[in-house]
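Everything below concerns the one structure shown next.
Note that the chains are named A, B, C and D in the order they appear, and that numbering of residues resets to 1 at the start of each chain.
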């Protein structure tokens, strides 16, 4: 991004700020997470630790709220349980990860543009550009950005645990914000491979670590711009569309299960959740 | 043989680590980037001695193996780059896990790279364990083994199957001993026995995918029961449109309970009565698909609903509803797991559930005959606590001179009341074959460091064969041993056998043995082993399917007698030592990822806790984080309180897994071990430890802890994060299937 | 008429040489009390430095921050110090433009306060950065890498705003001091003479210099007023530009500016009383001036209270569930004590300023001014923390009370500020000599004029028309 | 682009200053100050590389005076490249297939040196390694930070195979980043290989400008 670049692309740059993201995407990676299938087993979360060099912070720091789980399973009890003796309808599980918003609120507030929108529709976080102002997480309604409050390298990976570290992405040191990347290293590898073989990426050719691990297949990952991908079909099936939220938009079929969390904040999340199904007759 | 050896070297040389000197570890932003990274000559780079065709530095390659984190036998793919295994994923070809893994499987790499592994043999000299060479260790061991006769030798293992099981039996045979004990705390021994007795098949296939309603009496099939990953993949089909319904009856909410449509806590130990009551009601209404003998009918008639309500504490209306569901939404499936089986009459309770299965016509519909693996010798020698109790009895009678432990840690898992530690003190020579400095190893006279599952060869036949065809899956090393001085389990066993039987000397090592054995399996066509094609295919695929030795289910319904509920004044509460997907029976407490992963329901990390119902907590006057003492007749533990509604008010539930006194930095001195205070009550029929039968009292300790858990708010505060939709609507929009 | 005399700002009969003497006396070698205060401040500052070094070494975790609370007291303190700087500008520039005479004896230390509190505030964005060594990336400099800061980020605007404001207000302070420095140059010996000589920039007090000086000073004042208002508006956009409940408030800019002036006035009151007491400046910092300051403070307090109520009302009627819950939780949740402290100190305590007796009672005013500042400090904190504690995602709700490292650094910032101020009062005149002289001259002139007029009325010139008093040019004659 | 005309001297000076600053911050030894000054003083004297640059590449300006890194064996690139005319990719086989170019397996060295020049001390050292069954532990010279994703494969593909550039002249392409290796014994870093260098080349040759293409 030189001066020339700024001058030439200023209008695009500005519009990006107003309307969110790019206008010519190469891919738009997205997900569909079926809460009917999610059993809250933590497989995805652990897979994420394994794939993405996530630091184990230990009990004391976990207590302080400094854990680094990019993919966390939130467990909620039903509001109705307050009046019951037992949580008869079970728990509510919500896998929460970076929603890779199309109009991400984290992006405009970063003073050094360490977080920005890629042509793949991802919220990139460039670790070595980050200066640690932490505004991005303050402005994230999902609170899915994690800050390296300490240097974890020595404590989290005592030898030989450090041999497990994935060389495809860096290990973040103190003072750097990090977050779910939709396993960008896998995306990169797949894109390189497809390019080498002179073909388009095939849906299902690769998956994020969480989607791969999920025993019930609740997480579906893919390119929402590929009309034949599973994730696109799911989005279409549930009549969830990308783009800004307007109340004027013809309301989707109310019976369908697709929704995006905090869509009304106009952040255009890339993850569609499917409502949890509840038996009403018990 | 020499040919084989050279093959082996070739095969294994790719596992050599390349250029480990900091690859992938420099920190983004550790310092001024320019200082760290633009320096030349800081990192090292090493080449292979010989070029390896499929190994290109910088590109990860996936190799198949088998997961040993629990005994479900899931197939694995491990990503290997520059000679290091980096990531494990499920093997899509495996009929057990279909490419999926659980969190424990994912954490296999951390067991492998664990910083607290035993790295060299240790022999107890003057009371302390000291590092010795393998030669010294083995000569000592062989000497001791030579001096012991017959049944004075005992071997304790976990569940063991495949060719390792063959070697174990061979060793037992050579030693002339029948004392092989397979010990697993989390097992389905009672279920197996009931299936064997009532269906004629110890491990029938459960078709969750076919079921429309599942009634589970404490079977945590998504978490810890039989084959959790497989069950979860099947559960996904069960939950897809038209969507089956899950009813879970258990005293403490498990992961499965958390996903149930209806979760009810029956009074602990009364699951059998509830099952019988439902059965009675089903027959009364004529909803039964299968008729029962008049004997059974008469016995059932005793369980009229008001009486069942009185025993179980579950209202008649709910019982009726469950009964009608079982008939309306057929096919049904009734399961029974730890919290039903863990009592003196546990067998009867599980049998009652099975009776219900028979009555509602599940047998043949959702319960199918198992796909038994044809080679009987390779079948899993499944662990149980009955074996542990037998072993403890033997110790009490001073029946053993030499005990060999392998991949098991009974000193940690055995209740104090079994007197294992005391008994072991009397044993002349104790050998622990283990990866980690666990409690058993700390008591042993000789510790033999084993290679990790990702460094070792092996074959595994899962006890629960999930697919239509039974499989034996191959465990191949994904990298060379990190520590030079460890040996594979098979290699050690083969070494012991070689010293006793010349026959085994034809095999240079366990790899050679395994390869010969596997290539003689029916199903591997390439007998003459041209270019190793068959062998390489096998390794590439990671498993071998066999023709099933298919049996047929033969229903033998019999009367079931469950005991009534007894109140206890002195010990008013029940202790539920709940199993966790994650730490399992405590064997994964040394894996930081699993310690840091919050419990699925309680969301507590890095510690143990005692779950109390708000009512009970109120009566005791305790709050979250207060320390309480849980005392049984056999001892007491102290741990922090965690209050939630997912427990029966008569129950205090403490998860297994913590409370290690050894086992490395991540596990040691953390939390409490509920298994320690269990009373030595056994199931009458199977001799299994009745894990849920212990009565306890709880007293407040004037100390407080900060309950470290994930998550700020316990509810969504009315915000539409997890939205729900009714199943009716779901069926309307997404079809009847 | 009697009222005029009673209400006079300062005794107009002060001799100019007396003024010089008094002010220079205040700059004489400090006494024991000064050194003790100085040592305490140094200790506070060093504690903060130690805390910061520790935090720098181990990471921001030392400050006890966590996932929802990415910001805490550092940012609140930053806003507090920025806010405090505003009153100096207000007193000095706005009152200068509107020719409010009473500002003259007290504007100098207020301006110094502006500069020093900005110098203190400037530390906080650095202290709070995870990787402070890369701080310069916020500035748009031509780099080999060809990358630029993100001009959309309010934090980048902050960097511009603060640096502009700091340089402008420092310049304003220095320029305003030039005539005084010349006086000092002429009245001191040794290194001080040399020092003031350099700073006085060859001031001789001739007409051309005075003319240019007054023009420059007026121009700077005019420039500073919009700057000051924009600076705090920009600081408010650190919050207002976000989408967080309780931050995303359109009235934040005026609210912040009002709050800033408020805390600044309170700080001026505190310093006023300190200087008056310690340097025996009763003749310059009169109770009359105090009274005017307190009245101004009261007015601003009411503006602030009004804007506060506006914010609550718009949140309440706006019916944004997230905003509303944050507001309710502020008043009733874990931070309720802090919230009500803010309301009482910010909106109730200022009513003491309605009573003249209290206004003229210095110890009371001292306590009140401290309470007002406390109120303003917790206001800043109440903006930062509760929103983070209870934003959109209930799973990440948390309550955070800062640990010792944060407190050490925040207290240390007060030490640093006081340190700068202590050095200032001994090196520079904390009362503007030339403007006080101007003031006495004007007052004299005014008084005499009044008297003359009265005489005219009374006696209808029996002894003939008395001459109008001679007006001389105020300035350096005494120097 | 506005930097494209910057002289190499300026650029190198900028790099040196940054290095200097960085080092001073790191250890504050005046030694480094002197060294950096010396480097700056010597820069104008450095002869420009004579390696022809392929016409389809616009080389980015930027020079670097790398240290001579002692290696386990003083491998003579000059002998192999200039005298023997061995192609870079004959030994660094992975360059066209992987992120890393790769060090040739020791067996490849021994393929020739079982018979060639066996009397030389370096070869004897190599033979020693071979007989021990070990590979020499080379020091990395051209190293990019670990938060940078650089792949040889893509660059080789773009500038050699896709551009129909004769593979036998591949060293001209390699030389854009690696300098004139044919004149060195063991490799020395001759280009700064910092972000400015990469960016200038990407801008001149139409490489991607997205941060995440190269940062990981």
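Note that in this section a residue touches a chain if its C-beta (ideal position, glycine included) is under 8 Å from a C-beta of that chain, and two chains touch if they have at least 3 such contacts.
The structure displayed is predicted, hence computed values, not measured ones.
> Could you tell me which pair, B-C or A-C, is linked by more C-beta pairs in contact?
More contacting C-beta pairs are found at A-C.
> Give the identifier of the chain nearest to the protein's overall CA centre, each chain being represented by its own CA mean.
A
> Let me check something: if the centre of a chain is the mean of its CA atoms, which chain is farthest from chain A?
C
> What whole-number Å value describes the gap between the mean CA coordinates of chain A and chain C?
45
> Counting only Cα atoms for the centres, state how far chain B is from chain C in Å.
67
> So how far apart, in whole Å, are chain A and chain B when each is placed at the average of its C-alpha atoms?
Inter-chain centre distance comes to 32 Å.
> On a C-alpha centroid basis, what's the spacing between chain B and chain D, in Å?
Averaging C-alpha atoms per chain gives centres 52 Å apart.
> Two-or-more-chain contact residues of chain D, please, as numbers and ranges.
Those would be 3, 18, 25, 145-147, 151, 194, 203.
> So which bits of chain B are touching at least two other chains?
Only 24-29, 32-33, 711, 713, 715-716, 718, 721 qualify.
> Could you tell me which residues belong to chain C and also touch two or more other chains?
Those would be 68, 131, 133-134, 146, 392-396, 398.
> What residues on chain A touch chain D, complex-wise?
Where chain A meets chain D, its residues are 1-5, 116, 118-120, 122, 124, 126-129, 167-171, 184-185, 188, 192, 195-196.
> In their shared complex, at which residues does chain A touch chain C?
1-2, 6, 17, 61, 64-67, 72, 74, 76, 94, 96, 105, 108-113, 129-135, 137-139, 141-143, 146-151, 174-177, 262, 265, 267
> Enumerate the contact residues on chain B facing chain A in the complex.
Residues in contact with chain A: 17, 20, 23-30, 33, 81-82, 84-90, 97, 99-103, 105-107, 109-110, 112-115, 222-223, 228-229, 232-233, 235-236, 239-240, 243, 245, 247-248, 253, 255-265, 321, 325, 482, 581-582, 592-598, 600-601, 603, 605-607, 615, 644-646, 665, 706, 708, 710-711, 713-716, 718, 720-730, 732-734.
> Which chain D residues qualify as touching chain A in the complex?
The contact residues of chain D facing chain A are 1-3, 145-147, 149, 151, 153-154, 157, 203, 209-212, 215-216.
> Please output the residues of chain B touching chain C within their complex, sorted ascending.
Those residues of chain B that touch chain C are 29, 32, 711-713, 715-719, 721.
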